[in-house]
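The structures considered in this document are given below.
Look for chain A in each of the two complexes below; its partner is chain B in the first and chain C in the second.
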Partner chain A sequence: MDAFLASKRQFLDWLRHTAADTETFFPQPLGEASFQFARVRPDSPLRLEDWDSGTPREAFRASANPVPPGKLLSPPGETLFRFRRDPDGRLEFFPVLDDAPRIIAGIRPCDLHAIHLLDGIQSAGVPDPHYLSRRGHTTLIAHDCLQPCDEHCFCDAVGALRQRQGADLFLTPMEDGLLVEVLSEKGAALVEGAGFSPCGDREARLAWAEGQRARPFGRPLPASPEAIAGILAGSGASPVWREHSERCFSCGTCNLVCPTCYCFDVSDDIDLAAPAEGRRCRTWDGCMLPDFAQVAGGHDFRPGTAARQHHRVARKFQYLPRQMATGSHCVGCGRCGHQCTVDIDIYDIVKDLVERAGP
Partner chain B sequence: MKPRIAFFDMASCEGCQLALLDCEDIFLDLLELVDIVEFREALSETSPRIDIAFIEGSIHREMDADRLRGIRARSRLLVALGACACNGNVQARSNLYSPAGNLGAVYGPGDRDRVQTDPEWWPLWAHTRVRPLRELVRVDYELRGCPMVKEEFLHLLKRLLLGSLPHTAAHAVCVECKQQGNECVFERGETCMGQITWAGCHAICISHGYRCDGCRGLLPDANLAAHRALMRARGLSEETIEDRYRLFCSHEIDRGRP
Partner chain C sequence: MSASPLVPFPARLEASEPLSERERLFRLALPAPMSHRPGQFVMVSFPGVGEAPISIACAPRDDARLELTIRRVGSVTQALHALEPGRDLGLRGPYGNGIDTALLAGQDLVLVAGGLGLAPMRSLIQALLARREAFGRLILLAGFRTPAEALFRTEYPDWTAAGMEVHALVNRTEHQPWEGQEGLVTEPIPHLGLDPGRTLAVLVGPPVMYKFVVLELAACGLSSEHIFVDLERRMKCGIGKCGHCQIEDLYCCRQGPVFRLSDLETRREALA
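Take a look at the complex of A and B:
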């Protein structure tokens, strides 16, 4: 497929222009030290500074972004369907599917990898029409990282750094601007008429970028994701779980900021004025939350923070990789470690487990 | 017959009942479905039988405790409305002092002495300690917060009217911070009680640039030891930490809860 060259300025102007027609999201500052994927508006502060080592405040860092871009595909509180009881007592259901076109730009490889893994999960078994409808109407513009975002990153150690599949356009920073690669029909349609210059030396440019990439890239892990899955399988009695969770609050932040967590809870909302009508909604849930594993009668089959931490880590490195036949479902973005107020970092837990398991 | 609901106030600022009147957009719909049989903010009647009693305020005197038991006896369901009724709120801090000490501090030594000798003043002296409702009677549901959250009130009422279980999650404010897309207060170098506080407020204070001070009370399994250590590590003095916890959660701290 085609490749183009654009200056950063040209690309951002084009993105703003596109955002006038299609709801577009791009990383923007949040509060004092964080980022959010926010709607692009005519006066939005869009920056690509992180590609030429701008100040930390300007550089978008995945770990400082509490709501990962993939969450736009399952917003909290979304309506799944409406229902109505007709006068004869029969229930009627009206599915609600979001098919509004959207563009999410500024996605790093870790988050792209996460969306790719979610695509697999949401399509397997009973497919999730709500996720898939949004996903099908969303165009993803991702970009390569030649430097890790910050000290929290370990994407290369879990095999997420080279992710390209799932993106419609893929950007690579060049000395003279951006290499814009078209990876899908959707991407081709989007850049048509953008006025970017055709690029004739894509391979040479990709090789140049590869030469610029930091090595090692982010934090290394002492074992491969496959080996980690094996170690986890026998780790139930390890003291690691207790040691790393004594200070845990079960606040669920690590789940909710995770780009591959997708657990949810559903509830019905009924209108007081019309009690025969209502809607079923779903919202985010997480396995670290104290009431997550509680069942009827109040029994909790995962009481205590240690059991919950074990479950969380095993989901990412053992259960889902085996069930879905994929690599690690932790993409190494560093969010959970950064956003946890007591610095419980899945990287430290896994490293500790591997080191204690011995050679 | 429509379900009869009633509102009562004990020791409180009545802010929760005012928050209730703020539900004006649905109040007319509500009146179609229920009979409001007692409501001092709006009505003067009383009723011998109540389906759902909403009670605001904490219990300070034996006469209030008796009144509460009386309401319980004629109510099918009893709901604690707001932080005072649920966990004693800010006033529970007075439990740290003797009743005489409290009276003296507020009214001076003359009144403090008179209340102990003059039978006319006896009811004031009968103030023992600040208690949330659940210390005295069975409470079926709690609507936490200072003031209570209108959406939670409506949700509970709808569910009870429909005969289904209300959906109240027992988790931390952090969950709602994430749902609101907030930056964590700790990221800007400040401290917050969100990790140990019952959610349900949509993280309203943090969403408006403040922190969580815990008005909805401590979660049953709140890891207070870890939170204290974190507050210390963030440079707060023991005194400031104690003040922060005692502002809304004094009763829970004293009860050894969590």
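Take a look at the complex of A and C:
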């Protein structure tokens, strides 16, 4: 596949130009301190300035993007189907699949890794056509990180830093701009006519970038993800769960900002102007919310914050890796720890478990 | 079939009859026969209100009819209870593993149902009685709180006549007429004369029932490989995606809801 060189200005102009035809998302300022993946408009403030230092800060910072880009593939409140009931009581159902083309740019390796894991989950067993339709019509532009985005990052410790699979275009910051690698047919079609310069020394440039990469990269963990899965399997009685959940008040923020959380609830909306018609919507749900495992009638199959915390951590490091035969489903983005209002950090929990498990 | 497994198809309510104060039996006409196993469930929609997982209460049949027992316990089931015959509800499924009756062939079977658990158990009972000669002793222990809550009471004589030992129990008769026994569903177990070498047990009931029934069965020599339990969980999809029914690394909707007890012993969440 091809590789190109582009200046940052050239890339952003091209992205704006592309956004005129295809709905395009890129990290943009949200208030003073935060960023969000928002739709690119002709006057959108797109910034890449800190790439001068080889460090994709600002717009590309993970913690500054509380909501991960993969959530665009399962938007809150998405319509699954519409229904209509006629006066005789006959029902009709009309499936809704989103096939609008979209581009998401500014995706870091941890978030790309998360989307790759979600692709696996949504394709496995009974595939979810709502996710897969939207995903199939979405082009992903990801980029490498040569420096950890903030002090919460531990993506390298969980094997997410080197993710490339799933991206259609992959950018690497260079001294003189961006290396643009084409990783798929979709990516090739997108950059055709972009006017980027062909790159003849891709390998040398990748080697240069590798030399710039911080070492160690982000926070280290004292055990591999595989070893952590093993430790978790025997951790049911550990006091760690209680200690790290005493101050949790079950707000679900950790689920909300997690790039690999995908649990959902459904609800029906009725058209008030035509009460015989409506739609079923899917909304995000989170296993840390108190009623997540509660059945009609009131019995809660996972009562208490400690049990729910255990479930959340085990799902990332033990259950899903085992079910899907993958590595860790925690991608080390650091969002949950950063955004938690009472400073509960999945990194601290895992580190504590490993250290108490002994050698 | 729809383009999405999350989209129901219309099924017509032919009749609904009360079984108790809270439960009704729904007889549905489907657009096509549903091939299911005992122990499987369907997702039932009342569009505009929502969707709920409901166990199938009849044996697999080839006439495009389905029977469900629905307890009025939340907004969806309340709306379904008010649905008039002749009108449609939404259905999708069947979901879950159910129980493979071929695994039960030649064995003595103890079926223990508590309360609404008799609804999914009825699916198994009908399937077993349809091939009565393929199995050894068939013993049903059905427990309820009061006679007014006893489900499918009029069918016990038919089941007995078809070759099943039926023990129906209530915790207390409350001065209502009751042709069965008074006591807990565990009480007859020591007196059944079970042969642990050729006996399998299937349990469907509230979580609290399992612990005590398993203790009694273990005292008769049954090991956990020979006990199946049918678990209930919150479910929003039925296809292993919504995350609600997860029991540690298992999805109740996919690997369950019928589990071998031996597969659950290391999973602390399963029978909590």
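Structure notes:
Heads up, the rule we're going with is that the second predicted complex is superposed on the first by the 347 of 359 C-alpha atoms of A that agree within 3 Å, B and C clash if a C-alpha of one lies under 4 Å from a C-alpha of the other, contacts with A are read in each partner's own complex, and residues count from 1 in each chain.
As a convention for this text, contacts are C-beta pairs under 8 Å (C-beta built on N, C-alpha and C of every residue); 3 or more make two chains touch, one makes a residue touch a chain.
Bear in mind the structure is a predicted one, so any value in this text is a computation, not a measurement.
In the superposed model, A:G252 makes contact with chain B only, not with chain C.
In the superposition on chain A, A:V126 makes contact with chain C only, while chain B stays out of contact range.
Of the two partner chains, chain C is the only one that A:L97 touches; chain B does not reach it.
Look at A:Y319: by the touch rule set out above, it reaches chain C but stays clear of chain B. Shared-chain residue A:I270: touches chain B and chain C both.
Counting the residues of chain A that each partner touches, chain B and chain C differ, and the larger count belongs to C.
Of the two partner chains, chain B is the only one that A:Q339 touches; chain C does not reach it. Residue overlap on chain A between the chain B contacts of one complex and the chain C contacts of the other covers 265, 267, 270, 275. The part of chain C that touches chain A in the complex is made up of residues 2-10, 45, 47-52, 73-74, 77, 84, 86-90, 207, 232-234, 236-237, 239-244, 246-249, 254, 268-269, 272. Residues 30-34, 36, 64, 66-67, 76-77, 246-253, 256-257, 265, 267, 269-270, 272-273, 275, 283-284, 286, 289-291, 305, 339, 341-342 of chain A touch chain B in their complex. Residues 26, 29-30, 33, 154-155, 158, 161-162, 167, 169-172, 174-175, 178-179, 181-184, 186-189, 192, 194-196, 219-223, 226-227, 229-230 of chain B touch chain A in their complex. Per the touch definition, chain A reaches chain C in the complex via residues 80-81, 83, 85, 88-93, 95, 97, 121-122, 125-126, 128-130, 236, 262-268, 270, 275, 278, 280, 282, 285, 287, 292-297, 299, 301-302, 307, 311, 314-315, 318-319, 322-323.
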